[in-house]
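Below is the structure I would like to discuss, written out as structure tokens.
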């Protein structure tokens, strides 16, 4: 079973040289720490920067340089700054090669819910609806089950949707899965996790085709 | 009767302090030479500059600084440069207070034709269609009749239209006229021009209400 | 760019350009917000607390203008940014993409005192830009199949569903820039740019507060982010706190 | 903006960013235009002869690629700019707003050899921007009641008629900038900016030729006009003529 850092590390293996990547808040943010050797990617933050660098040192902190999570950041050499319309032009116009975000629920047709729990506080969708509606390559990074042990990989989402039929791949603490027309296709098991563990934790349609290898992580 | 410079001088009287103005090619360009004392305006050229200055001296010529007529220009202090989308955002978004352009024909309902003569060479509309469709304040600067003596102020345009019901005011070599729901309303006569001269040169509906003063120019 | 003009030309023209209506400088925030009335719709620049018009927000609090509809990506925090207007219950309706980090906001929303319209961030940005550019409506894929799509026209392009979204309409926009001049030209710094240039284009009257007001001609025309035509009033603000929401440090 | 990063941090990260796929530098125009085939649609930046990709146009002439559809505000003059491609009859269709000043263009159009689609200049710009921004369609008042409106959807907003216009679709865009770096970041000079940043956004593959290729990190992130994400290939051009169409001098 993976922890949050393990999930980030596994997703980092998906990165390809030269990609522009948008990382959501939470687990996705951790991915920046695990970029494979020999791979160069640029991180976009939708509040208006491309080429986001690591968090600043105390001396580098600048209130005018933050990411979409409102965290202080740095700019890498070759970075560029732009307004919010240009930022979402990059997103909507499919200039970003990979979007990684968290989710509360994913359905086996690729629907995703991650912005609202009716009856509870609604914080808003931020840029998530634009990201999921536009990106060709969306990976969801999340725990396989919620705090009450209920599966987050469902036949149908129960929460208000963020986007329909958009998620392509899911990396959880238990598994790596593709979203296909027939449902979740199990690709890899986390270290020490059995196919049965994954079956038990998955409510949506699960396709198990042949031997399922353990992640190489 | 006015010459081209006279027409430009009369239109310059319409300028108000603080206005942003787009001047078309031809007579309109001459207006910049007759800005009244105590009035500050900024000229926009739709290829992407606000705060266009006079033509350059030989030493100032820069191939990367031209106006929409492809003439070399200068930039005034306080000028700004932008791309074509931003430029037409200014135009379409009604940020320009006055647009002056030439015309081949104007109808008494405000229709304008100035981009195409069927069977002859078509040079294209450039930015004229955007300008006339968007500007709240459009003045046409032109000769009252064409080279064959035919009126250019018509009941209906005969040439392909550039825009419909958009012209607000016309300044010709003979007169100043407003476009109203009832047709061209004669406001002023050019020096030495009679009301009858103007009636003879105007094919569209002409409203003559009371004494028509001579221009103060 | 000043180099394009000879000194002689420059001196000849600069005198008359510096005065009159082209000079948009007002005294302070209090003067700048004149004309903003109860019940109006305002656009306010900023992302989180980054690049927000601190001086004008305080002036709106001081002036006690109420029943405002505020279009802004966020709603500040409890004791800063738009949170200050929320505390005094001056906001009737909030149009935003993300409103977390604000307990008073939550309380007012749940009690029904505050109306909230949540808009996807990219759609929010594009609706501002469209307003400034005279584009009344456009199509975007964002929000199809979600609550956001309710009541909106769906149209397919290349087989993919899109929603029709409309330009915003705001009599006033308030933005914050790094530098500006008397003509209203603005330059932003870092990610404090965000929604500011878009909202500057969109306001019928746009108020810009700047950290530094420079002489006309000091800003390079090539690097101006917001041409002065989009700004109607400008002033040099004071006492910028520039509060940081998430001070995240690398060890 | 480099000041935001300590020298230590900078040196730590700069090494790995300089190589690999993020480095978009190609050798020259000939290499840059690889993949452009007969019959393709190209966007080409520039207004008149100002800010046109001189090197790539020459490379297209040399490569003899034909039946091209060119989206460009103008069509050059007889012996420069796109006029060079017209001379060799490499252009099948021209999408532009203004095509005067070109006798060969006129001849080909009148003889029916050349197909011409005239688009209002603001609509042309917006259709490029929309393509880059993933906006498939938008509404504009330009052209209502004219030939341009033929076959287009008319829709009223606030009682005013608008036409629906679609985003362009171009596999290649070719732009010319003043400075650029290996990541594809671009800076333009003066009115040579014009359509270039919009077309850079719109091309599936965007080729940028620049007068000066600078080191990554040299361009101030705050003043970059086109972020590198929009550019796939870049090279430093040579022998720029920068011909002036109307050399107008003040006495």
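Things worth noting here:
In order of appearance the chains are A, B, C and D, and numbering begins at 1 in each one.
The criterion applied here is as follows: contacts are C-beta pairs under 8 Å (C-beta built on N, C-alpha and C of every residue); 3 or more make two chains touch, one makes a residue touch a chain.
As the structure is a prediction and not an experimental result, all values here were calculated from the model.
Listing every chain that touches chain B and chain C alike gives D. Compared with chain D, the chain whose C-alpha mean position is the greatest distance off is A. Distance between chain A and chain B, defined via averaged C-alpha coordinates, is recorded as 55 Å.
Separating the CA-averaged centres of chain A and chain C is a span of 30 Å.
Inter-chain centre distance (chain C to chain D, centres taken as mean C-alpha positions): 30 Å. For chain D, residues that reach two or more other chains under the stated contact definition are 1, 4, 126, 129, 133-135, 140-141, 189-190, 193, 222.
Residue positions 49, 54, 56-57, 62, 65, 75, 81-82, 85, 88, 91-92, 134 of chain B each touch two or more of the other chains. Contacts between chains, counted with the stated touch criterion, involve the pairs A-C, A-D, B-C, B-D, C-D.
Chain C contributes residues 1, 4, 126, 130, 133-141, 155, 157-158, 160, 162, 166, 187-190, 193, 221-223 to its touches with chain D in the complex.
Those residues of chain B that touch chain D in the complex are listed here as 45-49, 54-58, 61-73, 75, 81-85, 87-88, 91-92, 111, 116, 121-130, 133-134, 160-164. Residues 16-20, 38-42, 44, 49-51, 53-54, 56-57, 59-60, 62, 65, 74-82, 85-86, 88-96, 134 of chain A are the ones that touch chain D when the two sit in their complex. Residue ranges on chain D touching chain A, taken from their complex, read 1-2, 4-6, 9-10, 13-14, 16-17, 19-22, 129, 131-135, 181-183, 185, 201, 216-217, 219, 221-222, 224, 227-230. Residues 47-51, 73, 96-101, 106, 109-110, 116, 118, 120-126, 128-129, 140-148, 178, 189-198, 225, 242-250 of chain D are the ones that touch chain B when the two sit in their complex.
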